[in-house]
Each structure stands twice: as C-alpha cells, then as structure tokens.
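Below are structures written as structure tokens.
Both complexes below contain chain A, partnered by chain B and then by chain C.
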Partner chain A sequence: MSGADAPGAAAREGPGGALPAAAAAGIGILPGAAAAPADRWYPWRRAAEAGLAPIAALLAAFAAFAVFLLLLDKSPAEFLDLVWRGAFGSWFSLQNTLQRAAPLLLTALCVAIPARLGLVIIGGEAAVALGGLAAVAAALPVLGGPALLVWLVMAAAGAAAGALWIGLAGWLRARRGVNETIASLVLAYVGLAPFNHLVEGLLRDPASLNKPSTFGIGDALMLPALPGTDLHPGLLAGLAACVLSWVLISRTATGFAARVTGGNLRAAQLQGLPVQKLMIGACLLGGGFAGLAGMIEVAAVHGRANASLIAGYGWSGILIAFLSRHNPLAIIPMAVLLGGIGAAGGLLQRRMDMPDATVMVLQGFIFVAILASDTLLGRHPWFQPRRAES
Partner chain B sequence: MTTAISVEAIGIDKRFGGFTALDAVSLKVAKGSMHFLLGENGAGKSTLVKCLLGYYRPDAGSFLVDGREVEISRPADADALGLGMVYQHFTLVPAMTVAENLVMSRADVPAVINWAQERVALDAFMRRMPFQVPLDAEVGSLAAGERQKTEILKQLYLERRLLVLDEPTSVLTPQEAEEMLGLVRGLAHSGAITAIVISHKLKEVAKFADEVTVLRRGRRTGGGPAPVLTPADMTAMMIGEPQAPSEPERLGAPEPAPRLELRGVTTVGDQGRAGLEIGSLAVRPREIVGIAGVSGNGQATLVEVLGGQRAPSGGQVLVEGAPYDGSRDLAQARAVRVLPEEPLRNGCVPRMSVTENLNLRGFDRDAGGARCFWLDRGGMVARARRLIGGYRVRAPSAEVPIGVLSGGNVQRCVLARELDGEVRLLIVANPCFGLDVKAVAEVRARIMAARNAGAAVLLVSEDFDEILELADRILVMHGGRVVHETPGPGADAQSIGAHMLGSH
Partner chain C sequence: MTTRHDLSRRSLLQGVALTAPALALGVTGPARAATTTIGFIYVGPKDDYGYNQAHAEAAAVLKKMKDIRLVEEEKVAETADVERTMESMIRLDGASLIFPTSFGYFDPYMLRMAAKYPKVQFRHCGGLWTKDKHPMNTGSYFGYIGMGQYLNGVVAAHATKTKKLGFVAAKPIPQVLVNINSFAMGARSVDPSITVQVIFTGEWSMPVKEAEATNSLAGQGVDVVTCHVDGPKVVIETAERRGMFTCGYHADQSRLAPKGYLTGAEWNWIKVYSDFAEGMKAGKAPGNFVRGGLSDGFVKMSAYGPAVPAAAKARAEAVKAEIMKGGFAAFTGPLKDNKGTTVLPAGKALPETAVELESTNWLVEGVIGAIA
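Up next is the complex of A and B:
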C-alpha cells in the first residue's frame, strides 16, 4: 500500500473550520512546545481535547435548547436560572440532585464498563428492577437479624441478580455471537415481566392497594441518612464504585486486557487474552452495579420493591456513560449534572408552565450533541502530536 | 476504442498541516506510454495521483491534459477528462457478475436497466477488447488476475483514456502480474490509453516501463526513459543511498527435531472457500519455512489457527511435542510469537499509545514472569523506551496513539514487541506488505536474525521474492492444502508459480 507511510495527519483532511470555539481559542496559549525533539505536551493536549469536546457539546446542546425555548416563547435565561436554583442553588436542591445522581452513578457503570470492551449494553433498567426485587426477596427471610447482616444479604442478592441478567447478555455475545445490544434490550423487557409478576403476585403485600408492592423491610432496616444530611449512603456506594472501576480499568492488568480487547479484538486474541471471560466478566460487574442501585433504592428510599424502581435510571445511565466517554471518573460530574437537570424538572414545570417532558427534550439534545462531538476529535492540528521531523 | 491522452503536472505542491507531501513535483507522461512512478512509502506517489484524480486539491501547480491547462477540483472533473484509477484493492462487488459490475459502475445508470440492450452493448464492447473476461461470471468466483483484468476493463468501459494503476501486481502471482502488465502495455502502445503505474518492484520497471519518475520525500529525485536507468540508479534515487541493501546472511543449519508440527489439521470452510486440510507440516529450529500461495488459499486461516484466533475442527497442533492452542500461558511458556499481517489491524490497538502497544505481550507479567495484578506503569514506560530506541521507531512521543504512526513504524513496534526476549517459534505473515525498501530490508534482517539465533520460523507471504530470499524450505498452499514442497535455495520460480495457481 503506497500511502501507508504518509503521516496520520495527512490521511485525515479535516476542515479547519469545524471546531469547538473553546478549542480554537486555545491555539495561542501554549508556548512553543513544537520545537522539542519529543512532544512532551502531547498527553496534556490530548487530555484537554478529550475534556473540551464534551464541554463544547454541552454548550451546543444548551444553545440549541435555547432556540427551542424561544420558539415556545419562553425565556432561556429564566430557564437557566431555574435549572440552577432547582439543581444546585440551595443546600436543599443540591441534596435533591445528589439523591438522584446516586443510582445514576451505578447504572452508568453498567454501560461504561462493558463499553470498555467494545460492548454496548443498554439493559440496565431491568437489572435495577431485578436487583431491587432480589434484595427484598433475600431480606424477607432474615428480617429479624442484625441490620448490617440484612443489608449485606440484600446488597449481595441485588448485585447478583443484576449481574446475572446483564451477564446473560454478555454470555450470549461471547459464546453465541448474539448482538449484545439487542440481547440486553430484549432482556430488559423480559426481565420486567417476572418483576411485575412477583410484585403483583407471590411477593405482594396485600396491604398495598393502589400501587402493588412487595412486603416492606420495615423502617428499622432502612439505611440511615448520612450524618447532618438527607443523603443516603447509596451516594457513597456510587462514588466508591466509580473510583474503584476507574482503578480497575486504568491501573490493573485485567483492566488493561479489557481495554486491549475493546480496542482491537483481533489483537487481543492474538495475544492469547481470555476475551470471552473478559466480556462476560465486564457484563457481570456492570450488571452487579446496576443491581446494587436497585438494592439501594429499596433499602434507602422505598423500603419495598414496586414500580418506582422502574423510573428510567437504567436508561439515563446510558446517556451518562456516553457523556463521560465511558470513563468511570467522568461519570461522577455527568451524573450530578443529569441528576440536577432532573431535580429541576419539577420547578420548571411549576414556574415556566412547561410539560414534564421538556427535560427529556434537553437530555435528547445533549445526547445528540455528545455523539456528534466525537467526530470533532482529531480534527484540529493543535491537539495532534508534533512530528519530530517532517 | 478510446484514444490516449498526455498528461503533465507542473510544480505541484501539497501540504497537510505542517507536513509537505509534495514539493514542486513535475511529471510529464507522453500519450500512449507506460509511465512508472517509483518511490518509497510516504514519498508522495499516492498524493500526486490523488491530486491528479481530484481527490486532493494541490496548494500550488497545475495540470495539463493534451497540452491544455485543466482545472481538476473534484473527482468528477477527472472523470470528465477520462482519467481513471485502478486501485490496489479490488473495487468490484464480489456477489455481482462482471456484466452487472460494469453497468453499475457507470455514472448514468438508468432507474430501470434494459438488460437485453446492455448485454448487446457489453458483448460488442468485449469483442473490441484485447482481452476478455466471462461476462456472466460472478466476480467473487474469479481469480485475482481475472479480477484485476475486470478492473481494467471497467475503466475502459467507462471510456477512460488515462489509467493510474496503484501497485496493480501486489495481489497477483508472478505469471498473472506479467500477463496483466503486458496487456496494459499493449493497450498503451496501441494508443488506446496512457498508463501511470505506481510500483515498488524494479523488475517490473525494467521489463515494462517506457519512462520512469522517481519521488523521494515529496520531491522528484530523478527519472527518464526506462532503458537508460539501471536498477542501481533507481534505487539510489528512491532511497538516497548508492546501493540496494544486501541480503541478510544465513548462519547455521536447521536442527533435526521439529519445533512446530501440524498433524491432520482441518478447519471448516467459510464463504465458499475451502477449509484447511494440512496433512503434516513441520518447522525445525533454525529454519525458515516459507508458505507461498495466492491469497485466499488458506494461509490466513493457518495463521489464525496458530495464533489462537480460530480453533481447528480436527487434528493436532504441537509445539515442542505438546499440544498448543495459542492461549497466553502456553504462548509465554513456549516462547511462541506471532507477527500478523497488517499489524495495525491485527496486532495493535490503534487508539492506545505506543507505550501501551509495546507492552501488549508483557503487561501482565512481572520481571520474574509471574502474573501480576497491578500494571507496572514505570516498567511499561521503561520497556517502551528501550524498544523504541533498539528498533529506531520514529514517533513524535511514546504517548501518541499508535494509529498515527506510519506503516513502517507500526511494523517496527510490533517487531520490537514480538522479537524482544527469547523466541523459540515465530509465525510471520506478510511482514513487509506496504513497507518501503529500507524498512523491508530491516524487517527481513530481523527475521533472519531470529532464525540464526535458533528460532523456528513459519513465514507466510504473498510476496514471492520475499519467500525466495528468506526461506530454507518452501511449501505451496492451494485450496487449503500444502500441494508442493521444495528446498528454498535454488527453487524453481516457474514451477512454484504453477502450483500456486493449482495448474499442476
């Protein structure tokens, strides 16, 4: 192939105009590192590029949404103000935001971890529901035991249920070649059927009339709030899970093997890496986190399993994982952002007289902008490695 | 038949960012001539023809067609002028017939095709051509040489008057290559087309070129009528050094006991291709066994089986007498290394850094060879630095994604990674595909050095010269079987070529 030796920059003829404004503005800032024999600053510029792209995408999404609001004859400024106040402006609203972010941290990991192996798993919704249900079912026989034991049993059962469900999608992919995206989506619907069956049948508390629910675990066994706040420990579990996942992926040999597998399956096979085990393992882990989210919702918020568990946490997790480019640490700010937008929804509805779904429109804008921002990566020469020689 | 045109490029400049791909390159191609464009990879050959065909816009300079200045800013402009390109890789639809491929390639295909009428026109067209291809044959069923002919016929059918052929013989057998180039030269000399051929192979130049232009690092370094230029002249123009690199030295004789043995290995065929059926194959220490064959005759499958990417459906693969499945533990224990073809696609993770890619083999082992849990990032950086230095990898930084490196540097990285440490069995597939003269010599020397150090080497290559140069013993594969075996030194190229084609 005669073009193989041409530098990468030559192969990509990016139009110089299509850039995030923030990136273009950065051109003049860095001192002349280009002359150095080895491009020392390149890793930093690459990190800056990876960070700027989603920020630019968020700005673009808000700008587009502002146009949408203007078309509806609403004020974008008022909207931003309300989002700020409803999500972050006061201690109360901030707690509300973090409360919503807690399960999202875990459901986003359910997407992000398999994604590092090149698997697009979108079935977190059922893993949350089944995790919550399994947590209750496992707690009922041991309700008399010490609280810590009950919580551990619940967490184990919830994580196991979620892991099993998403792991099944991973197993189908690794061993049977079934597309994991379709499998996990279909399994999400399949999983809700036994959930509803048990919640409305075998495990139903006859006292729950309007909203069929399982028997409760009782107030005494609810997870206590963190001291001085209304926040439940699920937030800490979510944060810990994100940090541990990041350590696993970027600092351990197993995580490295997973990244190789996700980056190039053929190369991973040639190196003799256990790609099937890695795929199934990532799905088990991600599903386990989603199941844990269900357990926490039960043990900290609802006290029982019912349709409240099917609140779209799994779906929002997909959005957050993509927003954070499947980087577990980046999930934290993104989950808080999305949690905040959700928390502001009620206020927006009341003050601006807009339907509930308005927030969904904004989420949709953000998602599209983030996906589109991928095409901007690698376009601007400033972010590219400098050649030591031409 | 069409009539050929002359083309002239004057002072073409093309820059990509800070990189100058073409620096005031001029080129004059006479009407009805066969003009060879020579140069290493990255010399600018492809960039030049892409400018000519409207895929790139030059930053300066102009093109003349038949002596008149023309504006070529889009591929459609080149089409209108009758400039066409035959790509290195086939651009035909394998599941369609030759006739369908020809008709569909036209810019003005009607919404409803009157096939009866098209057939009459195609038959008439085919009769006018100096060579024929069966119109009703499915392209997927044609041999590589026939496909290449179909590509050329397609260009003639589109009434192109100048053809650019990008390394047209890289996928052909020696016989097919000679025939094909002969046909193109015949067409050119009959005045039907003008041909620009991009090539690496000096033998082809000596035999078929009317005129030669040599590029090096984006500049024209020489050229002229082919009969006046000696291979040494052209090599000097291409690589800027007076002589061609010498062949690597072969030291010592193979040991008797085989290190790699295949016994009755079979795989299930797919997509109409036969699976493997290898009765027995052995490679001994300090021996290079070359596997020749036209691509698609099971060589790729063989490499996949040995690399653990595909499980055989029957038979045994033995390394040092024990069963081998390509798993990581076994590969490490037996010091088996694989250099896959297209290393970026098969052996690297393009988005991961050079450092990380250089550690794909050793990231999960500590210095003592035991499995480790944490990544040793300091150790990885140190190893990468050592390999980059030892193999003279040119990278702007060890932290750039390996995908941005040039083909030669990617291959150096993979070589560095796989040849580091003890190597007892080395599986190599098309190691020099797409590399320039200097890189090719370096890669071959490394493989020979591994052999001389006692490794058993299985070399699968579609480059016949490479096999002749390196192999101690040559096997020919056809239809998934080993059909011929001959000692490497003094092998009869014609006989091997006939076996490659299955005509024996």
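Up next is the complex of A and C:
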C-alpha cells in the first residue's frame, strides 16, 4: 500500500480517521451534516432543488427551441406532440427510448466514476469496442458450452478489456503524471486501430466480404429479450450498475475517500488516502462498465464484433455524465432523456420533413440549458439550511 | 437526486398507462388508405454528394408518384438503432415496403425485423440475399458500377499529363477493389504506361483523412483523382482547389468542381425503385434478387465536364456503346496483379457479372498500393 500512496502523504490514518478531518476541512462532501439535527427537511429541499433546476432548464430549452421552430415556419405544438409520441407515448416508443438508453447508462458511468476523483476520462468509445471484441474472442473457444457460462466468460472478458484500456489512462495519470483527458482520448484512437486490425484480419470471418466482421457467437447464444418486451438484459445491467455505483460512491468509505480525493487532492494525500490506488481503481471500474456495454452490444444485438460497435456510445456517455453532474443515479433519467430524443428524432424527420440536424439543435439547447442551470443551485434561500436555534 | 429518480419513474408509469390506447391507434392507423407507404433509411446525410444522396435523389422522384407516401430517415447507425427505425416506420407510419439502403443494415438487423413483420417487404441495397437462406419478404438489389469506373479511367487517361492517377478508397473490400481495378484497366486500355496510386483511408466516412489523402496524391504529381468513399465531396473539392481533374462517384459532383470535373460513375436507383413501387401498387411483391449495370440502367455517367477533350469523349462513347451491348469483359487474361502473380490465365475473361469478382482480393498491375 505504501508504494501506491502519494509521495509526501505522511499521515497514516485510515479512511475512518480521515472522515471528520476532511469534513472539517470544508470539502463540502456532507453539507448540512452539522445542521442536520436542527433542520431535518434540508436534505429534502436540497434534493428538490437538484431536481427542479434541470426541469426548469428543460422547459426553457423547449421554449427557446419553439422560437427556433417558428422561425423555420414549423409548428412547435406538432413538434412536442411528435416528441411525446416518438419517445414515450406508447409502449413501443417507450421501449425504443429505453433500448437506446441502455448502452449509454454504462458508458456514462465510465466518465462519471473517475470524475468523482477529479479525473476527466473521455476515452470510453475504445473501451466499448475493445470490450465487444474481447467478448467475442473469449467466447469463440467455449461456444459449445452452456449459454450461461459463455455469457459469464464474455462479460468477464469484455469488462476486463475495457477496464484495462481505461485503467491504462488512470495508471498513466496516477503513476506517471500524464494528463488523463489527453491520454484517454488518444488511447481511444489507438484502441480503435487494433480493433480494426483484428476485425479485418486475424479474427475476421472470411464470409464477411464487404462488411468485415468477426466470427459470430450464433443465434442460440444471443442474450434473450426480457419477457414480454423487446428490451435486452443490458438495460437491467445498466440500471444495476448505476445504482451500485451510487451506493459505492455515496454510501461507502471507499466512495467517501474517492470524493475527498476529487474535492481536494492535497488534503486527501495529507490524510494518507491511497490516492493513486483510488484513481486507478476508479478508471478500472469505469472502463469495466464501458467494456461490459460492448459485450452486451455483441451478445444482445450484433452477435459479432464489427464496425457497428463504434457507434458513438462512448462519446454520448461523456455528455450524459456531465449532464448528471457525475451522479450515478441522475445518469438514469439523463440517459432516458437522450434515448428519448434519439427515438423521437426519426419520427420528427419523417413527419415534419426536417433534417436529422434539427434534433442535434434541440439537444444543444437542452444541454446548454441544463449545464447553465447549475449556476441556479444555491441561489434561492428557501433551499438553504436553516440556522439552528439555540 | 431522489426527485429526479421519481420523475423518471413517473414518466415510465405514464408511458405504461398510455400503452393500451396507443396500441389500439397503431392498429387502426396504417390500414386506412390505398396509398403505399415506403420507408427509406440512410446511414449518412441525404445531401452528402455521395452514396446517400444517390438514394435520396431517387426517393425524391418516387415521392412524386401517385398513391405513394414516402417516409425517410437519415443518419441511422448500423446498430439496434436501425431496427428501431424500421419498426417505428412500420408501427407508427404504416410502411409496407422498406429500403434500408446501407450495406451493414442487412444482417442481423433487417433479417430480424423481417422475421418479426412477415407481411412487410424489405429490400436491401447490397446484393446479400440468398435463396433458401433468407426469408421471401426480404431481398436485395444492387448495381455493377465497375464499368462506370472503367469509363472514368478512359476519360482520365486522356486528361492526365503526368500519367499518374489517384484513387482515394475507404476499405480494401471486394467492391472497392473492383472499382480501383476497373479504373486502372480503363486508363491503361488507353495508355499502358499510366499508373494509379491508391490510398485507403480505412473508414467509409473520414473527411480529414480523405482530404489528407487527396493532398498527398497532389504532392506526388497525381493530376486526376477519383474515389470510393461514402461522400466524395471532400475529395472532389480538395482536388479542385489543388488544380487536379476529378472523376465522380456515387452521385453527380460536377457542382463541386466546375473546372476539373471530367465525368463520374453514378447510381441510377430510380430505375429499381419505380419498378418496385409500380409492382407493389399492382399487388406484386418486388423481386428478391435484382441486379444490373450500365446496360440495365442501374448506373449512369455524369455529363462530360468542360475540360474533357474531344478525343476522350469519342473514345469513351465508343467503349460505352460496347458496354451497352452487354457482356463486356474488362478483365481479360492473361492478367497479373501488382505483385506479379497471375490472377487470370490467358483465354479467361471476366464480365462485370462474374462471381469471381465478388471475392476480389488483389490490385491489378499498374496500381500502386497494398491491400494490407
């Protein structure tokens, strides 16, 4: 452990011992903790504030977009109606939305978890592709085995490949001081090269002439849809990963140590927190989730690895993570929102005869509004903790 | 944070509550009129001056036909997204014929939807359909455009001063290799000293690399360029700026290069689409395996640009007349690849329809470049 600790971290207290000190240092991990006995409703008001701000932002974005539509001589009412019908208005549309959201839940975690330590990791795209490729490569030798075993092997291999790739960026940062944003971005492009090389070379199914692909895992080994739906189990995996990540970050000592590190690196080092291990661990975990997303794409959708894995899920994950302010639970509604916009986008193109870029404009409006709404937090006194009367 | 979570659950519940009436609407909606609803799905933008535009232009003609309702969606990824788009067109728009136009849409996405909606007809662009293996409500159509590139080569050979031609290619797959080889064969049929330098970008759409490749070709003294990427816009524009001549591909790019555009190999999909649509109106399912080349009207050539010399026009028109007769074989033995291996023995000839060409894995003599 000492080898992994940051140089200069003299204090040898465990994470438990670091708790009060860190809180007292004003890191703001548990604001209101001191006032809690006097103002028991504060946590609820704080949650309400966190929920109301993005809703207000959403309304503002739609209002601004309505003006944009009027300038284009299109009807905002028809637009809203189509968004509703395309994204949420029927069981089919809702499934469409959720299917699109499923991979984004996992790729957003790849950004959000390291972000809690102050690391900006943006290389999830390659972790998805390599995860999918590793899943296929690991499945090929055991194709005859029971389905459950094959899936477990695939999941393990996919997660390991993703973890390795993002973990590498984390290791470079923690041990060699390389900027993790640049490292992960460059590694994303580096990672796609061996992916293409293997898919178009060593692992290529010779029958895939004009769309180079690996050998398939076969229909029998595809993950079945959830009973009564068209949804694949990846959605459940994504939801579970978000909830577990939230528990890890918000309810465990390790998560607390991670947040302390993100809040103030020097303070964390002084407290003797294993900063380097935490950084590498967060990257391994995030990368593992992205790799798992790749495995699920292969096992539930494509059946083989090919260029379809490079579909931008990694990049969209960055957006969602920032929109949810790196809160794993908030990733769920944000991914559903993005999935819904994607689902409605097609209907908008078809019915209102607008180009695909229109949806990009709407997305832009929403994201700017939600990110800007962050500045509203903490402005209204009603949401603030009340001073205890003594 | 908990509030947000509640919100998502609420909208979820609302969605579920709305299921029953919406489903009922979905059932009654599509069946109402005698018009045929046709869905087009494109992998890129409809105005890419390339692959997608070629389909979209044909779709626009189709749209004007009587009793046809057209729904289009662009920039649909070759993932589960395209399944959702097909399903949405069927469920929400009542489409009865769907054209997923990108090569990668076929397996497994289109096949999966075809199994789920057996009454809907699916026709895929790319020639992958195999009888007995794929369902009868699916099918494929494709064109042989190699002879278009052959004619490009003939015209390019007359325009070049340096005797060096360039080819910006996406991936070294058979379809692309046939185009490169055809272009080289066409040029070398005029002047055997001509070489074709090929650069693979590795991606179907990677504008930065396409511009780099074009510039690099210009730097090497290449003075006529053509390409096989999804959207030739960048290649043609860059070449025009560098004062090179260009031969188009997929669609007409003459507007992008008013000076240097010589001619181009274009798809003429409207031939296929109008045949299919007329058939559907008469209650006939479209053919399952439809193919054709220049002589069948599936492919056409762009009008000659101002820089094309009269001699080039005369030669190209003569070759074209020969091709239009049908059965024209550009690849005739003895033929070597660019590593010196004989790929076609003497006495053997491959017309564009030859099955052997569909697994091409060689570059013909005179092409500078390697596949791997």
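By our rule, the second predicted complex is superposed on the first by the 345 of 390 C-alpha atoms of A that agree within 3 Å, B and C clash if a C-alpha of one lies under 4 Å from a C-alpha of the other, contacts with A are read in each partner's own complex, and residues count from 1 in each chain.
One rule holds in what follows: a contact is a pair of C-beta atoms (placed from the backbone, for glycine too) under 8 Å apart; a residue touches a chain by one contact, two chains touch by 3 or more.
Computed from a prediction, not measured in an experiment: that's the story for all the values here.
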item	value
Partner chain(s) touched by A:338 [first = chain B, second = chain C, both, neither]	neither
Chain B versus chain C as contact partner of A:260, first or second or both or neither	first
Which superposed partner A:129 touches (first chain B, second chain C, both, neither)	neither
Touching partner for A:273 - first (chain B), second (chain C), both, neither	first
Touching partner for A:42 - first (chain B), second (chain C), both, neither	first
Partner chain in contact with A:209 - chain B first, chain C second, else both or neither	second
Intersection of the chain A residues that touch chain B with those that touch chain C	none
Touch list for chain A against partner chain C, complex	47-48, 50-52, 54-55, 85-86, 88-94, 96, 99-100, 196, 200-201, 209-212, 297, 301-303, 306-308, 311-312, 327, 329-330, 332-333, 336, 342-343, 346-347, 349-351, 355-356
Chain A-touching residues of chain C, taken from the complex the two chains share	1-8, 11-12, 14-16, 18-19, 22-23, 25-26, 45-46, 71-81, 84-85, 87-89, 91-93, 103-104, 108, 126, 171, 173-175, 202, 358-359, 372
In the complex, chain A residues that touch chain B	1-10, 13, 38-40, 42-43, 46, 251-257, 259-260, 263-264, 266-267, 269-274, 381, 384-390
Chain B residues within the chain A interface of the complex	16-21, 39-43, 45-47, 56, 88, 166-167, 198, 200, 307-309, 326-331, 338, 340, 345-352, 356, 360-361, 363-364, 371-375, 377, 394-400, 403-408, 433-436
